[in-house]
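Chain naming follows the written order as A, B and C, and within any one chain the residues start at number 1.
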Amino acid sequence: MTAFVRNQWYVAAYGREVGRALLGRTVLGEPILLYRTEDGRAVAMSDRCVHRRFPLSQAPSRLDGDRVVCGYHGFTYGTDGGCVYVPGQQRIPRTARLNTYPVIEQDSFVWVWIGDREPGDTVPPRAPWMDSPDYTVVSGMEPIDGDYGLLVDNLMDLSHETYLHGGYIGTPEVAETPITTEVDESAGVVYVSRHMDDAECPPFYAKSTGIEGRITRWQDIEYHAPCLYLLHSRIAPVGAPGPNADGSDPHAFHTEVVYGITPSTETTTYDFWAVARDFALGDQEVTDFLRENNHTVVMQDVVALNVLQQSLNTEKAGYQELSINIDTGGLAARRILARLAQAGTGQRSGATAR
Amino acid sequence: MTAFVRNQWYVAAYGREVGRALLGRTVLGEPILLYRTEDGRAVAMSDRCVHRRFPLSQAPSRLDGDRVVCGYHGFTYGTDGGCVYVPGQQRIPRTARLNTYPVIEQDSFVWVWIGDREPGDTVPPRAPWMDSPDYTVVSGMEPIDGDYGLLVDNLMDLSHETYLHGGYIGTPEVAETPITTEVDESAGVVYVSRHMDDAECPPFYAKSTGIEGRITRWQDIEYHAPCLYLLHSRIAPVGAPGPNADGSDPHAFHTEVVYGITPSTETTTYDFWAVARDFALGDQEVTDFLRENNHTVVMQDVVALNVLQQSLNTEKAGYQELSINIDTGGLAARRILARLAQAGTGQRSGATAR
Amino acid sequence: MTAFVRNQWYVAAYGREVGRALLGRTVLGEPILLYRTEDGRAVAMSDRCVHRRFPLSQAPSRLDGDRVVCGYHGFTYGTDGGCVYVPGQQRIPRTARLNTYPVIEQDSFVWVWIGDREPGDTVPPRAPWMDSPDYTVVSGMEPIDGDYGLLVDNLMDLSHETYLHGGYIGTPEVAETPITTEVDESAGVVYVSRHMDDAECPPFYAKSTGIEGRITRWQDIEYHAPCLYLLHSRIAPVGAPGPNADGSDPHAFHTEVVYGITPSTETTTYDFWAVARDFALGDQEVTDFLRENNHTVVMQDVVALNVLQQSLNTEKAGYQELSINIDTGGLAARRILARLAQAGTGQRSGATAR
């Protein structure tokens, strides 16, 4: 099992999931209650009543204005976690207080800070395409019955696209083309790049871009351990001009594939997935196609990782894996996660403050 | 987990559940077979064949007169647990004998004695309304996937009616009105009273009694640890005369709410519930309403306690609860259960012999 | 739990189950991949890719000619278990090799050898009726959620037919008639015989043979520990001549009941069952009746053993069984299994080489 990394920001939900209904999520084993105040602020606090540990996200628990009323005996809490009402008496015990979690809402995600220390200046890494007017986004969340390390492994090595996602996003060239890997140890970021100069165009891109022939396909991964995974994907017809010196790239199609990889329990993971594109922005047909198609791809991963976890559960202690070149990025990610977990210090500075 | 209290009487079934079909129940972790002899006597014995431990309550096991025939190899037992037939030979091994359990059928319940000692003069506590001609009763049993201590907690503190059972039996006054608690340590009985002088009439009582305005509402709990819980409920219109000196109380409506709290395994509980009323005795509509309504209330508890047990299962060792005044009765019950469990002696004399 | 016996042949599948689709089976806790090469040979190898332990029997893993392509990242293996392709590089690591299993296809079964040693001259025991032109066979496989020892117990003591299978294959005489037991310790074979001279004809045989009155019924068990169980069943009308000196037996009906008892995990078992008959060979109605009827009988066992395992799971350590004469064969089988498990040597020579 991959160790939890504390003192870090994690994606707990999409902003659209957090509203005036009580939402319960478990992050790094901690049960968290999420809701939005009347003035629109997302708040996060312990999802267990101090009295008898009833989950505050469980009906008939409810909001009363900005206060949470426990559905079992009515203990009531403010947004600061402080208890403001208990049944049958006037005096509120001083210790009647829920732990609260720092929250940052950014790039369509609700990030919560899990740890013993305060986040201080540390901010979550960015995925600005998620709510940019220059991109159209499809997104969702699927729970995985597996260690979050399995999802990190999966995403760091895209050669699996050829096999697990053949007919969707995989073509032979993905598995065949070597990768380059760079690691920024101090920032806790792993970069993995695979540039295919002359590749088959998979249906995912052929149908959404309209390209009919072979393509130049770049896959540039940027993994900000532990939670944010970015895949900068660039597609252009073979022979089209490359990016300009100023960074503009009018002859290519870009998709920013974004994952929030959030450990829930030791054996379950939230897989927040999104695809942001800079083309066919208003085209609902393309949007519907990419949502449906990417959901299928995500579910191929979910099914495979659930099966893999089940298999690993029956392995004898000390079973062996065999790693090859394609695993360079994944192994680097594991090393960084192990280091961060041991430190538990949240020194990562991979995120750029806005 | 709340420790089991041995050398006590427990409700294993309603009398109506025990008949000529073999019934299996697990009480304090012990698998028990229940059936009724041809002359109508309820008997209880181990639900495991001495041969290969096949459950005798499992088809094709069956009754042959008053004898139980194991459905696997035909080992046959009399009502005293003694084996009277084995296949393939005449000689019956001397040790071929099932453990039997003392049984008392009383107040519509089939009580079994679980323990190493004999019950001697100890008899189960009484709930005479259950089969009195002066009362009409609705009752049932729901299994709970939780520690029986959670159900004891639940029932000892009725402030939860306001929140978990709002719109059914709960009104604001229940949570707001302080309680008085008395403990009879030697008898192992906890008394909790809440008298509301001027309270809203909840739908449960409004519809069944016909009272339209505000009420005097008394809730007098009597918990005979470990298994029997009685709630004497008195409802009258505000301003109506109180009980007479002779105990008669013609201006009030009385319901006797009875629970058998039977630990099944360490994580499951039988919740035997009943409501006996002294009004509208022959009114089927009221009977149907109270059965339906109280079943809904019981299921609200079952769902909440199942959820609570699931939550507690994921708590770290040494998690904290916070108790307040309303918990006085529940904490007293826990103390008595712990003392009885440790003693394991069954010294409780809270029951009055007939 | 009954200890696993290693260095033995086990039935992993029927030959008809092994084809050009990848089949996964778990034998003695080892995940095994089975398929048939293009020239028709059954092969067996580890069902876990060396890379990240993905199950090779899991879609989208697939065959490419005689090679297995892992559905996750495309690692590809030949029938000798050697890896012939990995993604993204030319060099194949030397350690990239799957463990393979010796396979013998015999008597309609695919046998695999589980152990550390090579099988050498050791061959599986025979059940020649399974693919003989002189017999018509019905067969199937049912998984059991129980220790394989429970199935061995079950089959070694047929007195249970009278109770668990009453109305199908059981009659009172089975339970009443004493058995004789012989054990060939060196060969690891247990023989249990029950000869009923004048017995009721159970529906299973009455309907399939057309016999209307009482019968002579012989049940001769031959258990080749650990995996193969044979029941030689002979049925004839009372008074009909017995077998001739040359072994021919024209006045009787013979069924050879064959079981492959294959431990899957510590708590699950494959129950391969078959009934081969030497009468009504071409009669589809008899075939359909025996298939349906025997499947019902097998499911009666499966349900009972699943229930029994559940019951045993909740027994306290050191619970007692009580054994009688009918258990002589089963106890002998347990002793042999324990001895073989401890030796782990596969010295059994109960099988006759072809």
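We take it that a contact is a pair of C-beta atoms (placed from the backbone, for glycine too) under 8 Å apart; a residue touches a chain by one contact, two chains touch by 3 or more.
This is a predicted model, so every value here is computed, not measured.
One copy, chain B, sits rotated relative to the other, chain C; on C-alpha atoms the angle is 120 degrees to the nearest 5. Chain A and chain C touch with mostly distinct residues; of the residue numbers seen at this interface, under half occur in both copies. Separating the centre of chain A from that of chain C, both taken as means of CA atoms, is a distance of 48 Å. Those residues of chain A in touch with two or more other chains do not exist in this structure. Those residues of chain C that touch chain A in the shared complex are 29, 31, 48, 50-55, 58, 60, 69-74, 86-89, 93, 95-96, 265. Against chain B, the residues of chain C that register as touching in their complex are 153, 157, 159-160, 162-164, 166, 175-179, 304, 307-308, 311-312, 314-315, 319-326.
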